[in-house]
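Note that the chains are named A, B, C and D in the order they appear, and that numbering of residues resets to 1 at the start of each chain.
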Amino acid sequence: MFKKLIDNAAAKSPWLFHINAGSCNGCDIELVAVLTPRYDAERLGFKLAGTPRHADIVVVSGPVTVQSKDRVLRTIEQVPDPKVIVTLGSCPRSCNVFKGSYSVAGPLDKYVPIDVSIAGCAPKPEAIIDGLALAAKILKEKREAMK
Amino acid sequence: MEFTDILIYAVYILIFPGALFTCLFGLWLAGVDRKVVARMQKRKGPPISQPAWDFLKLCGKETVIPAHAARGVYLAAPYIGLASLIVTVLFIPLGGLQAFSTGADTVVILYLLTIPTLAMIFGGSASGSPFAGVGASRTMVSIMAYELPFILVILAVGKGMTPDGYYFTFSLEQITNVQSVFGPNIFDWRLLPAAVAMLLVIPCEVGQHPFDVGEAETEICEGPLVEYSGKPLAVFKLSHAIKMFVMTALFCALFLGGITTGMLWLDVVLALCFCTAVTLVSMTLLNAISARWRVEQLFKFFWTVVSGLALASLLLVWFC
Amino acid sequence: MLPFIKEAVEQLFSKPSTEAYPAVDVPAAPGYRGRIVFHADKCISCGMCERVCAGGAISTTSEETEEGTLITRRFFLGSCTFCASCADFCVKNAIELTTDYHMVARDESELVVTGTYLKKKPVKKAAPAVEESACTVKARDDGLPVNDPNRCVYCTLCAKKCPAGAITVDRKEKIWKLDEDKCIGCGTCHEVCPKKCIIM
Amino acid sequence: MTYDVYMHFPVIAIMTFFVGAFIVTLCGSKEKIRNVVAGLAVLIPLTLLALLIKPVMVDGEIIVYWMGNWEPVEGYAIGIAIEVDALSLFFGLLVAIAVALSGFYSFQYIRQDDARGSYFTLYLMLSGGVMGIVLSGDLFNIYVMLEVMTFAAVGLTAFRTWNPNAREAAFKYLTVGSVGSTCALLGIALVYAQCHTLNLAQISAILPDNMTPTMVLAFALLFAGFGCKSFMFPFHPLAADAHGAAPSSVSVLISGVFTKTGVYGIIRVCYFLFRTMGNEAVQVLLIVIGCISMFVCVTMALNQHDFKRLLAFHSISQIGYILTSLGLCTALGVAGGLYHAINHTLFKGLLFLTAGSVLYATGTTYLEKLGGLARKMPKTTILFLVGAFSISGIPPFNGFYSKWMIYQATFEKSAETGNIFYALVTVVCVVTSVMTLASFVKVGHSVFFGQLRPELEGAKDPPLGMRVPMWIMAALCAFSGLFPNIMLDYVIVPAVNAVYNVIPYIDTAMGADYAATHLTSYMPLMNGQLSVIGAWSPLSWLLLFAIALAAVLLVSLLGRSNRSVTCVEDSKHAVFFGGEQAEYSHAAGGDLFWGFKHNLRHYLGYMSRVHTGVTNDYMVWALTALAVIIAYCFAFI
């Protein structure tokens, strides 16, 4: 019974850790907009965590620049299981307009498997909520698969 | 000791008002706090059960122990903090229901309340993270900040004046008894500044928003908790919720005690309602309307304004 | 402090301004550029969209069949900046950006919009005719551009790129006009013309 | 065991130390024999004094031993007396425990030093001197022992002669300490001129009735003299230097034992010889000095960067607690002060020994050069935490109980007198207590937690010989915190009774009815009843805590634990550093408590400017203090 409760809890309280991997700030602003009174992601249990150790969902924005690559990967690794990696906007998914730049090491899926991608440049807050809800669902699946 | 006595004590310690009830009520208070903050900010807010879900979720997470950590202290700290909080609850009279009359002493509670914070400080600094070091340092400064007004409040309440004359006591039981005869302390105008000071001490001791310099998640990655994950973190979050209950219950015992209806269970329910109300007034309102303070602002505020209020109360009680 | 407290307490007893989003769908504002829809039947395979795409989201694959070339255009939303250049440049309005913003995927394929159409094999004879008509216009002496109406598809790109605004193109009437007073003879139109029909 | 047998115990206890010191010197460099002799020399007095607990503490007997059987004739005591009442035995036991544990610790600890032969000679001389002071019944004898003790302590402070700080500290100690000794000698001379006797009991019987100006001066001089020995404010700066520079095992004695002789002297002078304690001016003097000592020294301690200097300032701060509590002149106050005295010896001894272990393992006590030792020295860390929690008054350790008694006593005193001053003393005590906690958080974080310095990889726990004395001290800390009733019944209450009831002491020494004939207007200074206005029962708390902890742990172990542990430092198990590769970055020592220091920067800056470290300045302080105390005594007594 407890296991089931805990599994359910995994979907009900996903905490985010947001990494800016060289983003133009557009997606970052939209992510913050999700926490504003109008969208209020907290009503679904989402919360921004201050450290990767507390996080369930890692939200990456930006095309993963050469400078940020190691840091992003290290931070993602520090998140305890079960974890879900979400790409916010087009950049981490495909490098977008920065494709082919000498200073870009992305896209992110070269290094880690991406669980959810949210498209948009920048995505609308509603789309972000959609994506996070999907991530929470995946989180529950991963939690159930543990042990 | 009879078997039934042991049973009653077991119920006291483990169920009501001990471990189980404390945890549940603490989580409820935390949930109410989050909900009402959200509503005050014109948001819908999370369901009241949200802290409970957070707790359960953290229980199911992996516990990563940093390679640098002093493992024993790192893992033991949260559990020691939680257990000492639960025991502290047993010492605070709750609407006339006092599980263990021995040890119901304001000074003892003042010291017992530092144990959970201390557990967090040492647990955090055992993790070996520099953020935790800064967080531990800041948390210690906030302890230093609130301790001065806190003891002044305790002395002001401890020396109350009744129509018969003075009384001097550190015993919560006696404070409650006096109030049941002469009405709650909060209606005594001389103790009003002390009550306001106490309302400001509560969020600082709990580590609630404007005064959560030690756990600032945006500046120092939640300070002492930065490396914690999984169950130990869950226990810390639970302790934080229980602290709200302990502090508000202490406030009720000091300022809102002695209101009796004749039925014990009704008194207890009433006391719990008071606890919730105090949470809303002292923590939620401040949380909703203010941004986090800098650590030196906090220290200055507590050693000047809040201590001044408490001292004013002490002087009023002494000389009026 | 007091005004803040007043505000907080007032809000406590008023309706929250939160949208009930996942439960109630909220339409995007008009003019929102969301998911791309590709009307494959309208495409004339001018390749404009692929050229102007900033994010490199559009790719084309072709397959030779008996009836002609089977052309598949693939729009990868995960690489799209939703700038609408492609739609803008499409002569045939074959590309459309809708207001649908639900673009969330677990798998890459969910973010791909494709459209396939058959490009019939051109009639063999027509080809030389085009070659011939290449010579119909001669370059002017004063160095200003001249348009070859036989090859021009009236894509308006020259008009858009002209720094002086000297060129006006009417797609419907198929008129290409140069304001000689404005033209500075920079040659941008010549450079950008996809059909290389502007001669200088 | 009859009186005839155990009446010899105190004198044997004192002599064992001196004889031991002599034999140790003869042993030369034969380490084994030397250790055996020194071990016996510290164990025998402990055993003898422990045997005296039953007759003195429980049965309330007072032992008088006349050296050479020179008993008083016709009401005049000519011979030298050794007189042991509960108060003397209380301090004697304190000394014996600290000396024995620290002595055993030294066997291993000073292996790293040269000149090991003279160490134990001086060590046993120091112990003998202290023991002589607390057990003596003769004022001049006390002075002689005071000098023996001081010079042995100076020698031991300069024991590490390669360390220039040690030499400097010893010099400061010598000069400022001699002010104290001189004051005491002058005071004794004046008393002798007035009373024509040096026997404590006889002076106490005939002195209080004739407080002439000469006696006021004698009182002021003796007060300042013993105050100097207890390093109270403003004699405190040399204590910091001396404790910091001496070997840790000696610091235990200087801070835990040596300063207690000053406290003992002040009790004897104020409560016993002159009985001026009933005078409110003397109470205020003692309380104000105590409060200033505790607050100034704790803020100085927060500023320190050296583990041992920090501990040294804390000793004075704790002495401040003891003096404040004694100055209240109530039964609860005296009990709290004495309880704190024994607790201070235990926890400060423990802390100095852990500091010694850190020094032994790493070669430094500088806070900025240490860090992360908890992984290398787990046992020392636990011992340190016990000591730190005890001194900061974290329940249920012993520091809490005595501090709690002091709070009760001060608040109760303010209730009795209706004076708000005493309530503010309570506030100062609590604030000092929380600052003590803060400075030990600083030490814990800087030395034992945080990141391990790369160069400390090789550090490891000290050998068993050093750990056992520390464990015993830790166990005593826990014991006296958890069983305060046993401590109160068997140790504190008899000592408190001895403080406020002087008649038996006089009568035992001088013959029955001596007090009644000479002390015509005798009134006990205070009510002997211990009354408390709150409640605290550490044992029941511990029981509840254990149950709650068990319940919490049980629930947490029910679920499957999925811990991820490794000693390999891969990126998952590295600390979060904002995504950067973890590098050495340990916020420690002076970097902590910025918000606090920033707000008090003017005060703290002033304090560190004033503590110049120049011997001349400290001499000026000492002489000013002496002048102020004399003037105060003439003005108000």
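We take it that contacts are C-beta pairs under 8 Å (C-beta built on N, C-alpha and C of every residue); 3 or more make two chains touch, one makes a residue touch a chain.
Since the structure is predicted, the reported quantities are computational estimates derived from the model, not experimental observations.
Colleague: Taking touch as defined above, what minimum step count separates chain B and chain C?
Modeller: The least step count works out to 1.
Colleague: Per-chain C-alpha centres versus the global one: which chain is nearest?
Modeller: B
Colleague: Compute the centre of every chain as the mean of its C-alpha atoms, then state which one is farthest from the centre of chain A.
Modeller: The most remote chain is D.
Colleague: Determine the centre-to-centre distance between chain B and chain D, using the mean Cα coordinates as centres, and give it in whole Å.
Modeller: 35
Colleague: In angstrom, rounded to a whole number, how far apart do the mean CA points of chain A and chain C lie?
Modeller: That gives a centre separation of 31 Å.
Colleague: What whole-Å value do you get for the distance between chain A and chain D if each is reduced to the mean of its CA atoms?
Modeller: Computed value for the inter-centroid distance: 58 Å.
Colleague: Please output the residue numbers of chain D that touch at least 2 other chains, ranges allowed.
Modeller: Correct list: 559, 562, 564, 572, 574, 576, 578.
Colleague: Of all the residues in chain A, which ones touch at least 2 other chains?
Modeller: 6, 37, 40, 43-44, 51, 53, 78, 80-81, 146
Colleague: Hunt down the residues of chain C that sit against at least two other chains at once, touch-wise.
Modeller: 16-18
Colleague: All pairs of touching chains?
Modeller: The set of touching chain pairs is A-B, A-C, A-D, B-C, B-D.
Colleague: Could you please specify the touching residues of chain A with respect to chain D in the complex?
Modeller: For chain A paired with chain D, touching residues are 2, 6, 19, 51-53, 68, 70-75, 77-78, 80-81, 146-147.
Colleague: Per the contact definition, I'd like the list of chain A residues that touch chain C in the complex.
Modeller: Checking each residue of chain A against chain C gives 37-40, 43-44, 90, 93-97, 99, 115-121, 123-124, 126-127, 129-131, 133-134, 138.
Colleague: Under the definition above, what is the set of chain D residues touching chain B in their complex?
Modeller: 372, 374-375, 378, 381, 385, 393-395, 400, 404, 407-408, 411-412, 414-415, 418, 420, 423, 426-427, 430-431, 434-435, 437-438, 441-442, 444-445, 448-452, 533-537, 540-541, 544-545, 547-549, 551-553, 556, 559, 561-570, 572-578, 582, 585-588, 591-596, 598-599
Colleague: Residue numbers of chain D touching chain A in their complex, please.
Modeller: 558-560, 562, 564, 571-572, 574, 576, 578-581
Colleague: Report the residues of chain B in contact with chain C in the complex, numbered from low to high.
Modeller: 36, 38-45, 285, 288-290
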